[in-house]
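All remarks here apply to the structure that follows.
All chains are identified by letter, namely A, B, C and D, in their written order; residue positions are counted from 1 within each chain.
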């Protein structure tokens, strides 16, 4: 299939590469043009604008970091919507507000194009291996049309409901992740303050009811105090803001999420650009522990 | 071995039964005497007071619900410490403050007895199957002496450090559990407010990085809004209070834990006595959802 | 002076009336046209659109409830910016984000118009009496030009700094108000839960260091559980959202504000449209107290 | 009257001095004996133990910093209760839990003594000038007996109800203070993060509905970042803990108080022993502002 891919960030680049490797013809665009070079070297075409990328495609993917970025690549002067032809499918893998997702759906419908809302979960690890989980909101025929492409990107696919529903579920999952990691960070802060080495908590946690693949990945980052990019804290912070905006619009209070977002906010400024959100552990300054040789 | 067991609650009863079934001679005591009948029918002796139960025993177990209850069964007029002989081992499986644990250790030492701090995790399910996880603080020889008994009760054993350390780790684990379940409850509140059925969140969660045995157990309780006793909310609420007291004494801020504790507090009054802490989902009043047939 | 007034809500209507009474020629516009009738009966002209109102004016005031409403009356198809002539002064009394205020300033500058950012504090009471406090961000000459109008509306005027600064100070003041009222509500919830009548708290509060004109106004509302419109909770909720958005953009954590916003969110849905924000006391369901005859 | 005074801290010392100056015969005791010297130089007698001080007195005042200190001076080996004669009045000016106050009342009744629960508000400033506000719980005749003494210490007296009620009201007032000061600190953090000088907020605040004697005192401390002892943060932190314990026992959730307590906890360790609680502003690290010359 003739595919356009807009947005080659931590997630977009490995996802686009998987489409290329699956044999699809790929045109790419990225705000920072230099990031297109690797894929061009592997056989992709680079378009000058999102509109140009979209003009030739049967399916256009967008995968950008936040709502303003999505608005820019869609509605901007050279945006996708200027190039989108009737009959094309727009698949958005970004995490944005349900409200924005519904506006994108309307804009597509107005042009005779189809829209598939398709935020993903699974991190850079899942993106590289083609093992992402997709949350989908769109019509069955639309999903059927792009399923061969999705199969190159992910393993699990969930139909969430009408447009907006996939983003709602995505935001809910992310706040659950954020609080799970926040819980680990607070627990660790407590045992550290008591002068115990991290392992005293992490060893029983690893066999406890509370163990999860997420905590297995994040705990070593906290223990080593190194946070290589996986799911950047700045994006988790953004997603918590979107979740709280949605919750407040719906009139539902999320007090623990609200507090967690403030803690993420407190550490964000002092972090490297793409540091993983396990860096929330930095909220608590480290003190020397008596038996760190342990 | 000649064993005394003080406290036959949701955890204590199945644990004591496992010792009996493993062939040990067991004397039991419980504040509400009627709860001793089932074990007596299975071969245990009932003692009139904690002191009397302790007087004959090589090993005394205590397993009660909170610090005041432990103080009562130990230091009360007919308490264990009045009957404890030199050379006996006191094993406390309750969850209390590290400070109280250290005071118990001192009281035992003053009597020539040994103390093993031994809070457990694994719930009533683990207690019944003898598959609990023990967090231990005590000397190696003490542990070695009671290991045959512990083997009838649990599968995993972690040495946490000096007296107080096992309770510290236990409280840290419990706050981690409380925030994980709080995260699920907030996520569910959000998807419900958006008019989506629970399954929209729970299905992708079950295959996500955030899945855990804990959430697998708690999610169906929230979905059905039934909370049969497993780990009572009132005890989780108590443990969060102990964790925050400890944190505040150590000068470490736990903002999300503090908020979660208030939410547990808000729902506690309206619950059945032993309702499981997944009932935190009740903080958000349910609204009818459009496709509950789903 | 020839003045246009856009927005005749709880604040705008009494403010516009004060200009009329001070002898100025007034053209008004409101989204719900019926609300213009009272002022027209007192001598104002009603314009068909914001653009038409602005076209004739030397000074244009806008006073609407939130950022989307301001964007609509300014940039909408018949918005103020379509009618604004070079040399006109636009004075915005709404509470919006500093970012939006700066965008309005730029849009005015691009048309050769001047912009005065002028959020107010003092409530409907101050609006009616012409005793508002103005927070100002704009050039000295601009302020000098409109000072005769401002004198009919308020008593105190504070220059806050460059464009955006007045809104920043306004949001900071409002979060301070929100937490002060939240503090009263939590204190009251505690004495009520202890079975004491409200007066036990309110009497000593009235002579304490913590007394304030704000609490003097809000306490009786909470005590009587009636919340006639003064500063609607839905607007305070909105302002807390703006304050948190600003804080998160600036990388500063406001944990208590974040929690307070969630509580306001929790009660909002069940309130009358314009109920005062003292209704946060409704977060805690009332219980009968033993000596309510008191 | 023959008066004993136990506890010569920041509050106790100036209060005891006012009794001495009013012509009463005073015996004092303090844990750190050196602190009795100043009052002895002014005519007081120093007792060797609380019991000895109480043995001679018609009225015994206690004024210590927290519940364990009160338990020690009352029930300790040489404690007041060992010396308290029938007919004596015990007046406790400490802030403790309502539960402890009720236990003290019972202990007095058992000895034929009377108990007046009498926590105060007004700070060191009010203590020095004899202008404190007293919250009282005790019988009318008891109050009448000690009123001549109270008149030397305070100006305002509020009967709060049965034993426990005065402490409940005190804790409620203190949480209200803590959140009011927290609100100022968060508001200041926001304007500082936006690069504005403190005065931009403090000037309009001083004429706003939200102004209070409390904020007038605390704002300059935050602006100068100096926190001379007035109401120590460690005591406010302790009182918030008591308020939350009470609330949780009563089943009432106080989410903003809970978060504020954690912030106080976070700054406590790095402060001087008696630093005022306005030091909560230290939670937010200061950044250089562009126009600090302002």
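One rule holds in what follows: a contact is a pair of C-beta atoms (placed from the backbone, for glycine too) under 8 Å apart; a residue touches a chain by one contact, two chains touch by 3 or more.
This structure is a prediction, so every number in the text was calculated from the model and none was measured.
Enquirer: Among the chains here, which has the CA centroid at the largest distance from chain C's centroid?
Expert: Centroid comparison gives B as the farthest chain from chain C.
Enquirer: List the centre-to-centre spacing of chain C and chain D in whole Å, with centres computed as mean CA coordinates.
Expert: So the centroids are 37 Å from each other.
Enquirer: Approximately how many whole Å separate the CA-defined centres of chain A and chain D?
Expert: Whole-Å distance between the two chain centres: 51.
Enquirer: Could you tell me which residues belong to chain A and also touch two or more other chains?
Expert: Where chain A meets two or more other chains at a single residue, that happens at 247, 251-255, 259, 262-263.
Enquirer: Name the touching chain pairs, would you?
Expert: In this structure, the chains touch in these pairs: A-B, A-C, B-D, C-D.
Enquirer: Write out the stretch or stretches of chain C touching chain D in their complex.
Expert: 98, 121-123, 133, 135, 156, 158, 160-161, 164-165, 168-169, 171-173, 175-180, 182-184, 186-194, 196, 200-201, 203-205, 207-215, 217, 243, 246-247, 250-257, 259-260, 262-263, 284, 291
Enquirer: Could you list, by residue number, the parts of chain A that touch chain C in their complex?
Expert: That would be residues 237, 241, 245, 247-248, 251-255, 258-259, 261-263, 265-266, 268-269 of chain A.
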